[in-house]
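Order of writing sets the chain letters: A, B, C and D. Residues in each chain are counted from 1.
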Amino acid sequence: MIRIAVQEAPFDTGAEIAALAGMGAGGLASFIGIVRGGGEAGDALRALVLEHYPGMTERAIAGVAETALQRFALLGCTVIHRIGRLPVGAPIVLVLAASRHRQAALDATGFMIDWLKTAAPFWKQEIFADGRTAWVEARPADDEATARWARAG
Amino acid sequence: MIRIAVQEAPFDTGAEIAALAGMGAGGLASFIGIVRGGGEAGDALRALVLEHYPGMTERAIAGVAETALQRFALLGCTVIHRIGRLPVGAPIVLVLAASRHRQAALDATGFMIDWLKTAAPFWKQEIFADGRTAWVEARPADDEATARWARAG
Amino acid sequence: MPASATSLHILYFAWLKDRLGRGEDNLDLPAGVVDVAGLRAWLRASDPAFEGIFNAGGRVRAAVNQKFAGDGTPVRGGDEVAFFPPVTGG
Amino acid sequence: MPASATSLHILYFAWLKDRLGRGEDNLDLPAGVVDVAGLRAWLRASDPAFEGIFNAGGRVRAAVNQKFAGDGTPVRGGDEVAFFPPVTGG
């Protein structure tokens, strides 16, 4: 079972976990990304605005989820990515993986979040306290994290 | 912030996550262990009964959590382990790790669940549909999973 | 809008959209354009705003029909083509 | 119960408790017992039920004062000693 959502609304982590937990899984891993304040320069970040490419985004996420389901023999997985204005502290993304054994669930979760960062068409704009805005630059570290999974075969 | 609990009651994953999410984390990883039915021999497992060593259990879990907090520079972590009779499908254990960066949170979660399986004094008894009971044997694979973290330095 | 066999639907995202002041273009497939590189060249020639966009460190990515595309990916009438900076989701 | 300087509080868990029919023993520190190995030997000599328990593939573990202990870990009056199978939590 794969569940994909791209939405402005917050997600209910407890409900999403409960939906996956009833599938005979022995382990359920999750990752939640959160808008993080206080960057390197001590900037007064207030919010992110997440833009996406409707249609392609859902397709890209589904591709990542299907790959994870096969590769890690998951019983199910869930990916919910929020869009729109998200203040510091708000959850941005939820990734869940359910499997019979714990290591597969944890590995699949890492795999999906790494791939989402490089394969799904989202763009983050930073909104600062003084009204200034800036588009977030892609980080080479994200490409490296994704490439790790290719090497791991 | 470290939160440890050993309890019969179910845990509220959403509430536990919310409590950790407000600490300036950029990523929050979790693992939930679930009582898994349908073992290798197709046994009609109905429930597990989890016994523990009061006092030593909390001390062992705190040791694992403190080690993870240091090693992965976590902002906080939570470990809740249930005891008593837990039917198939019931959550047994919740591990949460909050950090500024995603990989640390995921790694710390794997570290803690692997160590819990070898360092915390819990014992599982299986209850089958026909009333038969059996103590679960420790698996060498669990010791290997723990040893992995020692090698990884 | 319905795609015709010769129309091209072009989408712009993130700072490309800001700089162009619009999120999309609809045009007839220009004569001679057969791939992404050709479309980039045609856009540059047709509007100076694209000069700075496509020169931005060569980092502007493309998708054709909602799949990541390289310079050599074919572009045909009826296609949806998108240009955007490297993605930063997750 | 309050520990005296010569008492020993011994705990049994999981199948050890089932087989012994009790979860704990309280006794005076036996003469000559100075470590976990000595306590195991004394228990075997005092009650045949321990023979099968400590022979169970050598897999019965021990803790002294709530820390995992080896055969050579010292045992003193006032200590809490536990015997149990390899743990299976998580």
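Observations on the structure shown:
The working rule: a residue touches a chain if its C-beta (ideal position, glycine included) is under 8 Å from a C-beta of that chain, and two chains touch if they have at least 3 such contacts.
Keep in mind the model is a prediction, meaning the values are calculated, not measured.
Listed here as common contacts of chain A and chain C: no chain. The centroid of the Cα atoms in chain C and the matching centroid in chain D are 75 Å apart. If you average the Cα atoms of chain A and of chain D, the two centres end up 49 Å apart. Chain geometry summary: the mean Cα position of chain B and that of chain D are 27 Å apart. For this pair, chain A with chain B, the centres built from the Cα atoms lie 23 Å apart. Contacts with at least two other chains are made by no residue of chain D. Annotation for chain A: residues touching 2 or more other chains are 33, 113. Contacting chain pairs in the structure are A-B, A-C, B-D.
Those residues of chain A lying in contact with chain B across their complex are 12-15, 17, 21-22, 24-34, 36-38, 89, 91, 100, 102-103, 105-106, 109-110, 113, 145. Every residue of chain D that touches chain B in the complex is listed here, in rising order: 11, 13-15, 63, 66-68, 82, 84-90.
Those residues of chain B lying in contact with chain D across their complex are 33, 50-53, 55-56, 59, 81, 92-93, 113-114, 116-125, 135-139, 142.
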